[in-house]
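First chain written, first letter: the chains are A, B, C, D, E and F, and each begins at residue 1.
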Amino acid sequence: MLSLGMQNLLSPMVLFFVLGLLAVWARSDLSIPEAVAKFLALYLLLSIGFRGGAEVGHHGLTAPLLLAIAAGVALSFAMPFIAYALLRATTGLSAIDAAAIAGHYGSISAVTFAAVTGMLNQLAVPYDGYLVAVAAAMETPAIFAALLIANRERKSEHGSGAFFREVAFNGSIFILLGSFAIGAITGERGVTMLKPFILDPFAGVLCLFLLDMGLVAGRGLRQGWRYLSLAVTSFAVVMPLIGAAIAAAMASLLGLSAGSAAVLITLAASASYIAAPAAMRLALPAANPALALTLSLGVTFPFNLLVGIPLYIAMARQIAH
Amino acid sequence: MLSLGMQNLLSPMVLFFVLGLLAVWARSDLSIPEAVAKFLALYLLLSIGFRGGAEVGHHGLTAPLLLAIAAGVALSFAMPFIAYALLRATTGLSAIDAAAIAGHYGSISAVTFAAVTGMLNQLAVPYDGYLVAVAAAMETPAIFAALLIANRERKSEHGSGAFFREVAFNGSIFILLGSFAIGAITGERGVTMLKPFILDPFAGVLCLFLLDMGLVAGRGLRQGWRYLSLAVTSFAVVMPLIGAAIAAAMASLLGLSAGSAAVLITLAASASYIAAPAAMRLALPAANPALALTLSLGVTFPFNLLVGIPLYIAMARQIAH
Amino acid sequence: MLSLGMQNLLSPMVLFFVLGLLAVWARSDLSIPEAVAKFLALYLLLSIGFRGGAEVGHHGLTAPLLLAIAAGVALSFAMPFIAYALLRATTGLSAIDAAAIAGHYGSISAVTFAAVTGMLNQLAVPYDGYLVAVAAAMETPAIFAALLIANRERKSEHGSGAFFREVAFNGSIFILLGSFAIGAITGERGVTMLKPFILDPFAGVLCLFLLDMGLVAGRGLRQGWRYLSLAVTSFAVVMPLIGAAIAAAMASLLGLSAGSAAVLITLAASASYIAAPAAMRLALPAANPALALTLSLGVTFPFNLLVGIPLYIAMARQIAH
Amino acid sequence: MKKYHLKKRIDIVVEAPLMRTLVSTLDRARVPGYSVLPIVEGRGLQNAWHSQGQIGDATNMMAVLCIVDPSRADEVIDAVFAAIQDRIGFVTLSDVFVIRPERF
Amino acid sequence: MKKYHLKKRIDIVVEAPLMRTLVSTLDRARVPGYSVLPIVEGRGLQNAWHSQGQIGDATNMMAVLCIVDPSRADEVIDAVFAAIQDRIGFVTLSDVFVIRPERF
Amino acid sequence: MKKYHLKKRIDIVVEAPLMRTLVSTLDRARVPGYSVLPIVEGRGLQNAWHSQGQIGDATNMMAVLCIVDPSRADEVIDAVFAAIQDRIGFVTLSDVFVIRPERF
């Protein structure tokens, strides 16, 4: 496991992330335009979705897929309750802030998903394509759980129908599921055609993207460090481990392969910073948006990238044996 | 032909376009930054131009090329007159609006050009490289025809010289012809050097671009649906077929191969939505810009992509036999 | 050497640059969004840095590397004094403007670096990976030399510490050195993983980038032609040759290979237009920023691209024999 | 100066995720038009933010500019406040003069 | 407040394809300067539009901001209207105060 | 109109390389907030410039918008001028009205 950790720490992906952090720390003016960052994110989601779909198209829709989706939905919905209880017990955060953060930690981070798949590819550990669908399914239940917890009648101009649609069809879920479907429909034919664009450059684009994430996380930490009390920071490290442990148990029950278990565990351990922040701004405007984002992007993402992912892969190997 | 249609409908390109339409329909916030869309369009034009030029550089400048260009210019100049007559006869549009739309339909759509070449590559049907030059030559004559039709002394601060230059040297024509020339000059040498960037990822970039086109067309339809009377919508489907029929006759006279005929027919059947809209805004400011754009991008482009292109390829095969 | 010059002039890279100039001259509205241009520049720096680092990681940190860096720093620091003397002797420029320009010509242009490496790749002439580190080391000494020359107590709110950091850690240096380090750390492993993204498309991206540079240089010339007196324009052509001559002598002393000598000479002959302009705006606000930029991007860069680089390669071959 | 007509300029700075809501509010308030400008960086009483490198829109703000007739300004501002009440952002009102009063 | 000097701020919202014409109009009217800001979304009496994903500029609008001396405002506005007369867009005029009056 | 409160709007047009300096100046002047908008093209007494295709920020300008209480306007403007004194750019001041005066 140590050598796995080292291999992770010295992977180009992690090094580019660290380079981004360093740039902020050195106060370099290095920056990546917003449009480029959005393009890189879109590319990664599309590539992940397509690849997963092509594989499922090959193997067909199977019981394991449906079971895994059910497990993912359950995880995503349950975790905010745990996170909320933990936050209220250990920190002095208000109910509304705690609920918002809980929603972030129940939901998943597509970027962390990209990172774990990049790492598994590098290690040549296979994982099931349908986990893309699981990831997409895990994005939103947590958001609704957080709203239940916050339990406040949103007297907003958003009908709950409109709100539901904005959450359920947010861009990142849409592109993930859409390219998953296209991958499943076009299968081998599609893969042959799109390989030079959609598959081959994946690792390189991921590096550039993680450079950007390093910059954004670094800047977030600089702005938000004053939120990082010991209790709150601990939460941002402990909660992923709790999520990982529960997901590991589920993966074991489902009889997932090592690679697939690693992905499911990583998903549970990851905290959202695209879908959930936007949804929470709409639904819980009284929550401090910088707080949840500082924790999720500034603490939990680096923790997962540097320490978590190799740990989760090691856990998954234990389980699968 | 049916199987050709199905193969088209299930191609990744068409599916990504449909995904874009669906995203708008589901009111997803999926979006592609303007800078990225412009980059994708630039890439496609550059790739198409370069590839065509490299091929012409290989075969040399031949009589068929010059004949095809002459045919294209004639088509582009003549079609607005047909379109205008049709619009005035069947719809209640004002003379100025009808002239503006006629200009759009005489001119061509570089994106539809990209789509037909993508489809032909997928089917392994070869076409002549010089059609890039034909496409570029077909962009502007229609615009001048439309101005003739509108027949109004433009008392603008634009000298007609300045206006001519803006139309003739608009960015999309410039990059198409420029990279065509560079392809012709550098030939094999250039192709070897640029292949991994300019040729290999073409299909993938086209998919991403069509996703964007789906989003833009969907949004255009949502804004502009009220313009879509039965008569006007019919025009947007019938006019491409008229253009296709005339171009098919020309292709037959010119003795084009099946692939080249398919491209020429598609060009004639396509309606501009880059060059013509900008030119019309300058030259015919009294025309409603949303009207022509809704028809061209919201009706004719989807029609061509979903139904037209396979039909035109089938027509071309008939002719070439 | 003539054939080398022709091969350079007819390379896709140079032709795309010329296409950009032509587009401005023809008043085409062809343009590349700022975000895309920044992305292309970032990509090129990252690719160059990574490749150089991977090679150094292979060969290890050697005495030649350290010597070459020392030589580069000396060159960068010394050249502004020469440039300043020349400008004051031959032009009527104010001391402050002359100092600012001198800083630009002592520093280096990463884009010219990319162009010479592209040209060398095309000619299959190898050069040492460590020159990336030399390039990075040559960016800033000239800037400090220019400030020494201007010798004015900057009573700015920038402490000189803050100013030093902004100059030393500017984005382009940071990404060049950072990806150099990552290349050195990850070595073969990293290259295999990132090749399809970071290495293969390099030539193609460089073409697109030079198209953009042609557009920017053309626009710069159009705005700034009135600054181009005979004396000042001559400086922009003569100074690169002086820099080249000194660097050639150094390369000979250092016993560099032909490829490496060509790179070092080109670096010395190039004039900055990213790092220096930004630094001068902060440090010498009284200098006219358009003046230095017009010379560097509008005169010296095209001169180097069209004439200089083949000349420097020929010089380097002489020396290395 | 008699050819100039007084109108009111309403400037709204609002979070990007609220743009859809705001636009439909303005539509329902039947304003004659609006224009949305991007903001790339800012600070308020709470946090500083920067759009650079952001992949989501959650932290971005947008500036909305809306010229209305003075007779309608109060009503539009009330509608806007009803929509973005407790959300981050602010609204300012100022005087501008136009030549073609009929389009507002 | 005696250190402040009154100037006029002219705001022009205009279609992107007309920008070149407008800029040369402003140059010919010898304004002391201008700044162009992007607009990303809008609605007028006619259609709503959005710049997202657009590959051409035909549907985009831009905002041009121009500070001029009050004595020159009418003349500049007349020149602008002559150039963009029947085109989509609008022009507003407002009062601003500056410290360094000599640069306008 | 008694529900509206007078504030001052400060508009600063400044070179991109100076943005960091300006932001820390505004922070030190304890303004209640600021928003930065991109400018894509412009001309002043010196040169015209355009952001298209630029890879560096050296030639770009940015627009900074800052709403402050009238009582603090002079002081903020003085601080800004101390920071960007001899640099390219300009500052204007104008009147705006707000509903929630307590946030400025």
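Definition applied: a contact is a pair of C-beta atoms (placed from the backbone, for glycine too) under 8 Å apart; a residue touches a chain by one contact, two chains touch by 3 or more.
Computed from a predicted structure; not experimentally measured.
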- Message: What's the minimum number of touch steps needed to get from subunit A to subunit D?
- Response: 1
- In degrees and to the nearest 5, what turn takes the CA positions of subunit A onto those of subunit B? 120
- Task: Take the average of all CA coordinates in subunit B, do the same for subunit D, and state the distance between these two points in whole angstrom.
- Result: 38
- Query: Distance from the CA centroid of subunit B to that of subunit E, rounded to the nearest Å?
  - Reply: 34
- Go ahead and note the Å separation of the Cα centroids belonging to subunit B and subunit C. 40
- Message: On a C-alpha centroid basis, what's the spacing between subunit D and subunit E, in Å?
- Response: 18
- Two or more partner chains touched - positions in subunit A: 29, 31-36, 38-39, 166, 196, 201, 278
- At least two other chains touched by the same residue of subunit E: list those residues. 37-38, 40, 48, 57, 94-95
- Query: Okay, what are all the chain pairs that touch?
  - Reply: A-B, A-C, A-D, B-C, B-E, C-F, D-E, D-F, E-F
- Query: Inside the complex, what are the residues of subunit D that reach subunit F?
  - Reply: 11, 13, 37-45, 48, 61, 63, 77, 81, 90-95
- Note on the structure: Residue positions on subunit E within touch of subunit F in the complex are 4, 7, 9, 19, 23, 26-27, 32-38, 62, 65, 67, 94-100, 103-104
- Item | subunit A to subunit B touching residues, read off their complex | 33-36, 38-39, 42-43, 46, 162, 165-166, 169-171, 174-175, 178-179, 181-182, 185-186, 190, 193-194, 196-198, 201, 278
- Task: Mind listing the subunit B positions that touch subunit A in their complex?
- Result: 10-12, 15-16, 19, 22-23, 26-36, 39, 122, 196, 200-205, 207-208
- Query: If you look only at subunit B, which of its residues touch subunit E in the complex?
  - Reply: 31-34, 37-38, 40-41, 111, 156-158, 166, 212-213, 215-216, 219, 223-224, 273-275, 277-278, 280-282, 285-286, 288-290, 293
